[in-house]
Amino acid sequence: MAYRAGVLGGSGYAGTELLRLLAGHPEIEVVHVTADSNAGAAVGELYPGLLGAYENLRYSPLVAADLAGLDLVFATLPHGASQALLPDLLDHVGHAIDLGADFRLPPDVYTRWYGEAHRAPEVADRFAYGLVELYRDEIAAHTHVAAPGCYPTAVSLACAPLVALELVEPRIVADAVSGLSGAGRGLKTTSLFSEANENVSAYGLLTHRHTAEMEQALGKVAGHDVSVLFTPHLVPTTRGILATCYARPATGGLSTARLLEHYREFYANDPCVFVVDEPSGTKATYGANVAHVTVRFDARTDTVVAIAAEDNLVKGAAGQMVQAANLLLGLPETTALPRVGIQP
Amino acid sequence: MAYRAGVLGGSGYAGTELLRLLAGHPEIEVVHVTADSNAGAAVGELYPGLLGAYENLRYSPLVAADLAGLDLVFATLPHGASQALLPDLLDHVGHAIDLGADFRLPPDVYTRWYGEAHRAPEVADRFAYGLVELYRDEIAAHTHVAAPGCYPTAVSLACAPLVALELVEPRIVADAVSGLSGAGRGLKTTSLFSEANENVSAYGLLTHRHTAEMEQALGKVAGHDVSVLFTPHLVPTTRGILATCYARPATGGLSTARLLEHYREFYANDPCVFVVDEPSGTKATYGANVAHVTVRFDARTDTVVAIAAEDNLVKGAAGQMVQAANLLLGLPETTALPRVGIQP
Amino acid sequence: MAYRAGVLGGSGYAGTELLRLLAGHPEIEVVHVTADSNAGAAVGELYPGLLGAYENLRYSPLVAADLAGLDLVFATLPHGASQALLPDLLDHVGHAIDLGADFRLPPDVYTRWYGEAHRAPEVADRFAYGLVELYRDEIAAHTHVAAPGCYPTAVSLACAPLVALELVEPRIVADAVSGLSGAGRGLKTTSLFSEANENVSAYGLLTHRHTAEMEQALGKVAGHDVSVLFTPHLVPTTRGILATCYARPATGGLSTARLLEHYREFYANDPCVFVVDEPSGTKATYGANVAHVTVRFDARTDTVVAIAAEDNLVKGAAGQMVQAANLLLGLPETTALPRVGIQP
Amino acid sequence: MAYRAGVLGGSGYAGTELLRLLAGHPEIEVVHVTADSNAGAAVGELYPGLLGAYENLRYSPLVAADLAGLDLVFATLPHGASQALLPDLLDHVGHAIDLGADFRLPPDVYTRWYGEAHRAPEVADRFAYGLVELYRDEIAAHTHVAAPGCYPTAVSLACAPLVALELVEPRIVADAVSGLSGAGRGLKTTSLFSEANENVSAYGLLTHRHTAEMEQALGKVAGHDVSVLFTPHLVPTTRGILATCYARPATGGLSTARLLEHYREFYANDPCVFVVDEPSGTKATYGANVAHVTVRFDARTDTVVAIAAEDNLVKGAAGQMVQAANLLLGLPETTALPRVGIQP
């Protein structure tokens, strides 16, 4: 018998991607899906593309009482909503997997980067940070998961092998581009097609909140502080994040070949990370729960370059949530998760 | 034990889409894949997106002798190649499913539209036309299948219910747009990003060869000749065909409601056709083996409008080939075929 | 000394395009620009692309009293706003060129298509319909202009030569695609990049309000009623409309060559219409105040196909407004209007 | 009377952009345009968008003798062609403005980065490097100009003010994205729409040849060696380069405000460089001969970030050639050069 799951915020981009992925999950059945403004509508009415999987499911308003007893709650809610909703719910559901920023960081770090007090610090340590490849033990030791942001997944996977062995200075420059779906389905002028098409722009200079997660994940792998300067850019794709990261060597004797070998060892048991010789484009990950990473050492300028590509809605969001849920349920990690990118 | 399959032309767009779909097929295993200029390369080297499914498969050159004994041969070859290759092969493989134009039309019709003699007329009747929803009986009665073109699939599915009951004059105007993947991976100036982006253009005016297939399929459904004037356009998407078709009523008493009801009955047993009240965009079909169709009657101008959306590489190519193969093998028609579109 | 102009709604897409075009006009100076929510901002702050032309101009709120005395008022306002604003203003400005739908149609036709009473029927006949090529005499005989919609410009220019000589039945099927800028800068889910990208969708089936303008313009050219069934589609470009129109011949002896010759004569004195042998893509018109048209007769199906391409923001909006203003001012029609498309 | 100009390679992307810009130049007339494979075709036949400016001009084959006596020769030829053609021509034309890499670097540096001997080292010093803002004196002192590459223009303009005063370590990380037109009109698989769309990919890691120009231009401004590690990426736009550059401070007391002020002083007399507070997207430069630059100091990670946006075909290619030609001819620098970006 399948685990009974609810998807909260199921009409947003991460939510509909969850619905797509879970439609193919042999052990999880979506029995409840919520949406605020779209409550009442049939899923297939709002998203005809989902007609083939959810002919009769309708969006409900988000009511905490409806969720009690569910085996799994996947939450993709607006910023701050999880702090209000989840604390009282944690003991009444099997597992909560939350995509909000609410439980990704220690409350004090959260407050520093988000500029507001955390409203549920008492339950913060009940969540593991859900970047599976770097936090597998932590996830196994917890019941609930705070799934990482899209950018931190890419940057952390690109750089983790570098900081793990102290091959580079603990000072990373992370330059990344993202497609528009990362900005969600909310109505913003910058998300309009005519604004974003034929346009590339940097934003969030110096202060993007995802920086805190990158420093947390890389610091954990390194065993000491790692600073990250992060510059995100918008590019006219719907999906896809490409992170290109720079650091200076902290040791001699580096070479691209040795770095690639080290990366292959580091990710040897990770079915969702491919270490590739040539940098993959984001298209190699389209619709798939994978990251493609590569690395270079430039002797001429004495610099290390590490690159990761992912689909921000899959490995960077909904797919990673399912990957973490599989872990929590003791299922094979890639259950229901495509590892083949849709090309072209 | 799985059926052993070969994919010919496996480095083109339809070929790689076949590899993606067949990677998830529980009864078919791809054991051989060919590519001309890319022979020797590993599949995952050329398409890192396929690394997750074909870690060790390499492209072979196309050698007829290598194919004998295969249970299934999926051919996505350049125009004309199937006429040369398949005749001698038909008795040595279980089933050939060919995406070329070579065996879609009677040889005389082929000659008229393609302006060249058919080189293998003697085997033409060993192929059923593979538009599954309209040729299910013919496919069941044949061993081999000539899979339809991408545009004919959309236009025929949009209009078949109209001509089946003679609701409209047998004279259709079919206006359609397609993404660039329909032009294949060959190097053409018009396929360059900088030419196609921010551009919409009509082409093949009056004479596009797919017209013959539309007239064949609709004529078969109608039981008499149907003429089609077809205007294709290129739009800057990778995937997707939207066909908007116009005809004048041949009977009184039409209404949109009655037409929709008739469409629902016509496709009641077709899991890959969704009749929708509001016209779906092509995105509803992205990556999925489905067509979404709708219809309108305009009393003001006395005109019927029928619309179909599909992913040209799935329902319009690779997916339909798998759907036909499933039929030939006696498997459930939708085995390994997603019916959920990737959104956004 | 230059004419002093105001641009109302100058932060929308047609408004900023007006600012771009008028920046190069030797006889018109923009001295006032309004914007609702953006009032107070500098033009170059909101649109850094305009920094090179309007270093010090700021958006003002729209106050009727500020406009009195201007030589020219270009209005690109939300639907209905012109009916409220312009009646009292007409006697206090040199010329009003309005892009709203408010004064394009006779009030009774307006009411039929827009489903609401016209609030200023008494001034309706003070506006000429501003489709310059087809209404040059009417514009010359009026002081104010109601500039046409983007689709009607394309469809009317494509078909006018056909109905002028009654070469086709007065019953047109107009199938058109438009880029997203046609939907304006307002916040709509369907205008989001992630919704529109990799998507083509039909909308406004049977009832798009621009139909009334097409029937008005073609009926005027024909001298009798012409019916139009119009199907618009959204495609993922920012700019560009391509209209493909179908009609049945009303006379014998048609040929593509003769039709093209007739089109060339019809537009012989129109510097902004290019009759081309092969259908131009919309990119040929990018940023330019031109339409490219071509025509075909298909003897096989006895059908005429006429095609027009334009930039919806230039010939379909801001450029046409300037073209009309040039006429009203007695200037050369193409003053400040590029006729070269930006390629690629 | 106008200067008589020839455009060599006038059917490529930089060449057609030159034709567009020069069509509006009051002092330069294009009297000769060459194209290899397209010789014989009318310009307006190949590029209907240019019909409005070059109704009768036809492409000629490239024959050196045809060029003698021209006042200006603009060359946008395949790599290496200028070394063969220009040496014998320099004394027979007024000015040569070459967009090839052939004369941008000292022959020994050229050989190091391009891996081949320079075939005309004896005329190398007859060319000034044409990055106008940084080489205005050199251009004035020469007769011929080697116009810079697209990436070096963006990166050099972004970083020049930093190295001019030694505000940062002479060690720059330059991360940039470019649209597809930068790859030219040649047929390459990676330039196909279906490959580039919905894809972002890094390429040319560590070794992109444009690095040499960046180091040359920044070294010249600094007065000593500056090293650059350059990572270019392809993004799915037609036009546009955004360069985001990183360096560590070489001095204390930096702040964003002081850096912006310094940038404004540095570019105070440059009409084609806009220093902006917020980073402009590439769209602000679309079709215009401008670069928009901004800068940040991050005290938290002790890093300086400098950003430049440009249209790679205008300020990064054809526009800069015209800007240099204006200088050579003693005309106002911005003659015929739009400084307003086309938006949206």
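The letters A, B, C and D name the chains in turn, as written, and every chain counts its residues from 1.
To be clear about the criterion, contacts are C-beta pairs under 8 Å (C-beta built on N, C-alpha and C of every residue); 3 or more make two chains touch, one makes a residue touch a chain.
Computed from a predicted structure; not experimentally measured.
Enquirer: Using the touch rule from the top, work out which pair, B-D or A-D, shares more C-beta pairs.
Expert: Pair with the higher count of C-beta contacts: A-D.
Enquirer: Which of A-C, B-C or A-B has the same interface as C-D, meaning more than half of the contact pairs match by residue number?
Expert: Match found for C-D within A-C, B-C or A-B: A-B.
Enquirer: Could you grab the centroid distance between subunit A and subunit D? Build each centroid from C-alpha atoms only and quote it in angstrom.
Expert: Centres of subunit A and subunit D (C-alpha means) sit 38 Å apart.
Enquirer: For subunit A versus subunit B, what separation do you get between their C-alpha means, in angstrom?
Expert: Here the centre of subunit B sits 36 Å away from the centre of subunit A.
Enquirer: In angstrom, rounded to a whole number, how far apart do the mean CA points of subunit B and subunit D lie?
Expert: Spacing between the chain centres: roughly 45 Å.
Enquirer: Which residue numbers or ranges of subunit C touch two or more of the other chains?
Expert: 13, 179, 181, 185, 194-195, 197-198, 236-239, 280, 283, 286, 344
Enquirer: Any idea which subunit A residues touch subunit D in the complex?
Expert: 171, 173, 175, 177, 179, 194-195, 197-203, 205-206, 227-229, 231, 233-240, 242, 244, 246, 279-283, 286, 296, 298, 300-301, 303, 305, 307, 309, 344
Enquirer: If we count contacts the way the header does, which residues on subunit D are in touch with subunit C in the complex?
Expert: 13, 16-17, 20, 23, 47-53, 181, 185, 197-198, 238-239, 274, 276, 278, 280, 283-288, 290, 292, 338-344
Enquirer: Which stretch or stretches of subunit D touch subunit B in the complex?
Expert: 13, 179-181, 185, 187-189, 191-198, 236-238
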